[in-house]
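This structure is in structure tokens; I'll ask about it shortly.
Residue numbering begins at 1 within each chain, and the chains themselves are lettered A, B, C and D in the order written.
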């Protein structure tokens, strides 16, 4: 009986000790910051288009990190973006909801300067300040800064903005993935 | 019980444990005993059932105390709970199935560290009600038992040409009658690879592949339009 | 003779040089139309500086260099600018690029040459600008603007690249054989500008005639012509530098940082023509080879359509496309309408006999042949593996960008894999990803800044609002607190004017009491008027009685006014507290101010009321009903005036009465 | 078609053919000493390999013809047949070849993707699963004629009056190991046993020399490079020499180790396998040396009489690591520790 009690005492003491160490460690070495948001934000395409229903890429990143948003809400990021997010977060790839998005080629907005009335509404809508102009002055878009978010389209009272696909030029042309004939044959 | 009004969660638990989240071929938890003791059906099933007992009771126990266990030290507490249960199982087997106990050896006490027990305690039992946790433990254990049984059968059949050898260890002398010699003993058949650890890996790999194949086929069937079904019917 | 070094790897492909190097450089007839690309060099494309329809002369500048890394382009012949815009160019993508199309007038009139005769005395900047405006660029393949390579004036070795290691190509060979003197003049210029300790001219030993010619031209100059073993790709700048100097210039390091610079013989030739003869780069030597009736080398004007040259050389009907450049690093020409550019060194008409199709590719068996021939000392099979798996990060880690795309790995690959294609793919993907990332980072920054700006603007606006609100605060009991407060203040001011004794406590009149007070005040007024009239009449008619009666009436009016004021005060005492209280929950801080202010106003109003009380006419202050604010003021004023008049009249009447009594 | 437009006319098939060619002398010598049993094994292995390869390619949905023509499956079959005992039962070689092709090669993705040498996988499986069968080594110019050999392979029937012991014998390596384990006398007296020839096994030493000849042919043809074989022999010698000098009675001489068993076959035909070996020159040296060391360790201190297969498989596992550590710096760059060093 005394052996039993000794064993019990030793085990209890051990348990208390280890529990204390673990408890201390979990308080002492708590991981503070949440760099996850930054990592997610780095994957997002920064179009700031709000198609994810969040007011920008970072809020969406925060929502994903907080478990409030799914990873498949960013159409500009494409499936590639979802894949990267899935990999980062260690979750399964999840395709876009059916009919939720249409894949669009990368485009930039273009203002028809003969129609523009200089209302500045698009300037206020642009999330990256890529439109220059002033009241009663013609506006124009800095194409190199335009993310193609289309947020400037709805506010324009005269519909003078349209999206122009960015074509391939010699400067951004890419060598395509080589096709090895033998791989193409499949039973 | 309120869950009776909605049978879904119970069915989900059963489905998860036996198939979708199967401990052996999906979660790949507790590989150590899976690979080591699955040399025959009897060994595999015995250890599987022992594990099932532990997962079930530990699930219920963890779920019972889930509100009183401090979060910081939950793991040691779980381990204590599980260890106590395993000790009971260990002693019980030693008492009533001593010959089998000798065969399974260290793997009975090792159930304590079997990831599946701990994983269910942490991931499921600590967040759900007692009956749910108990069912989950039972199903997870049975799922593992199934894999162990099939794997043991495969290895036994290929390695020695028998099935249910060692049944006497569990059932006593009548067990001898159960042993099936698929290849007559006179052939002296033996394919050692299947009985050695590599055989366990090959076998498990085949089981996983088979499970994935069945899943893929099921998915394909589900996504195919009804037209294809009609075609098969008319054909 | 300096000792030679070896670079790792290298291959010995069949040479095919005899096809084209046997005949002298020819000059084909000029075509009717030229398409001069604006981008014939590394860096920014030139900017067209001629107008549509403008007549140009051969050698006239038609495109200005745009920025530092750029070069000018010139009209190859005289004629009319017939188009400026997208046109087929020699680029593997087959995409169009801006070109200036010139319709030849057939006269080939030249503009006056503009050499730089005093170049020895000219400053670096002057020489650079001159070369840039003359369109001198590297003709070895990279077409890097030469002006940028001359900026160094101490150098250990100046390397002249006459190796020409690619099969088929023999333009440098012929150039060296026939125009060695001019090349050496070019070397002299480069040597004077860069002051190298030694000048080494590397020529592969499969070009003995060129070596002889160059040795002869170099006699006495101190330049050393070195015959190097024939081994592809010894014509790569880094490889040639290695062979001749033993130095290995790593990727990302400038050769000049290691005291070496390398020029192609063609570049030095055009350098000489520009500096000494004032002739801009409007032609270059070009090899026409392959499946042609008359292969050979030609001096081709820039912009000459390839179709014109190939037709002249007799392209065979069975040829299957044309390679631009050598067979190791060239590409399929997507359009024969494109014009010769400064980078065009060779055109090869393909035929099945010369270029049999490769056997089907098999998987990589890691035989390591590619690694053993790689001049960049890479592990091509690893790069292939990573590129194939699109594992771009690891490809980059495995020094993908050190690859010079020489094609040696693919040449030896027993699995017949198109390795270089994979590297090009991976490189382009990485570039694109980097571009995207930069764009995303910029967008993120701009967005963050915008958010910051919006926040700031909002904060500033709120501050301005707060500042404006301070002097005119409000009690929120009234629908429009500002207005009410303003009115009240005005009332208080008006009352204050009349106030003579502000210390006495008084009550704020309100609603029913105020109304009553107003009515009473009106009654007092009427009484006072009557009294005054009567007293005036009585003064005239019956002074004694009249005066007495007036005095009595005035006293009665005084009493009534006092009574009215007292009634009003009683109501105000009850109403004053609820006025301030409801304000506090919505605007705590201003509410306190409001309460305070309301209290002060109330005090002022009280003072006014007290004053009014003293002076009989109560109406002034007591008429302060929000609903009738404005009329109330008038009434109060009028009442006050009338009261004053009544007072005066009463006094007068009293005095008169007293006088009468005295009399 | 893209650049380069010209290519050296060398193909995988040519490489494989040359290796097969280099094996012919050894096959000839073996047949001379041991009879046609080896030819039977070769045919069985070849047929099984080609069928298994074709079936697996079909299952994988890959075109069959180009891959069958590359000769790699045939080479695996030949290497396997040459390393297995010629008098093994027919199903032994079939099972081993099936494992080699199906598990060792195709399950990993086929040609070029197998991390382990397929032939050695097959050999290891047979060795582990059927240790008894794998000990049936024939004796040179043994008592069985061709017909009897065939009968024995296919039906396990021996001519009257012959027992299993009469037709097979232990290999010298096996014999030495058993005898030394049993506490047998010194090496010199053990070497008096009938299975010993001039250097190693009687007969088998000549086969080994034929492997050497084939290997030199491959070296001359630049099909293989010298690093891996040389390093492997060096690794073996590096352990054998000091131990032999220390206790010559207990540790057999290095020359014996170099010629006995599958040493030379492994040196020129197994460790030189490009797919499962490292690619850089330094990597090949490390790989070969490791194989050499392991062969000696397993032979002398381990449980199996010969060790080439296990040594090669063990080192195969290390190949990715070796490749990573021995990647030479790119042109003009220093060691890849440069970056880390700069920051440190």
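We take it that a contact is a pair of C-beta atoms (placed from the backbone, for glycine too) under 8 Å apart; a residue touches a chain by one contact, two chains touch by 3 or more.
These are the chains along with the protein names UniProt gives them: A = Ion-translocating oxidoreductase complex subunit B; B = Ion-translocating oxidoreductase complex subunit E; C = Ion-translocating oxidoreductase complex subunit C; D = Ion-translocating oxidoreductase complex subunit D.
These numbers were taken from a predicted model, which means no experiment stands behind them.
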item: Chain whose averaged C-alpha position falls nearest the assembly-wide average; value: A
item: Per Cα centroids, the chain farthest from chain A; value: D
item: Mean-CA-position distance for chain B and chain A (Å); value: 41
item: Approximate Å spacing (C-alpha centroids) for the pair chain A, chain C; value: 23
item: Separation of chain A from chain D, taking each centre as the mean of its C-alpha atoms, in whole Å; value: 54
item: Centroid spacing, where centroids are CA-atom means, of chain B and chain C in whole angstrom; value: 63
item: Where chain B touches two or more other chains at once, by residue number; value: none
item: Shared-contact residues (touching 2 or more other chains) in chain C; value: 360, 362, 418, 421
item: Overlap residues in chain D, where contacts from two or more other chains coincide; value: 2, 66
item: Residues on chain D engaged by chain C in the complex (per definition of touch); value: 1-8, 10-12, 14-15, 66-67, 70, 72, 109-113, 225, 274-275, 277, 279-280, 323, 327-333
item: Chain B-touching residues of chain D, taken from the complex the two chains share; value: 103, 125, 128-131
item: Chain B contact footprint on chain A (complex, rising order); value: 11, 15, 18-20, 22-23, 26-27
item: Complex interface listing, chain B residues touching chain A; value: 70-73, 75-77, 80
item: For the chain A and chain C complex, residues of the former touching the latter; value: 41, 44-48, 56-58, 127-130, 145, 147, 168-170, 172-178, 180-182
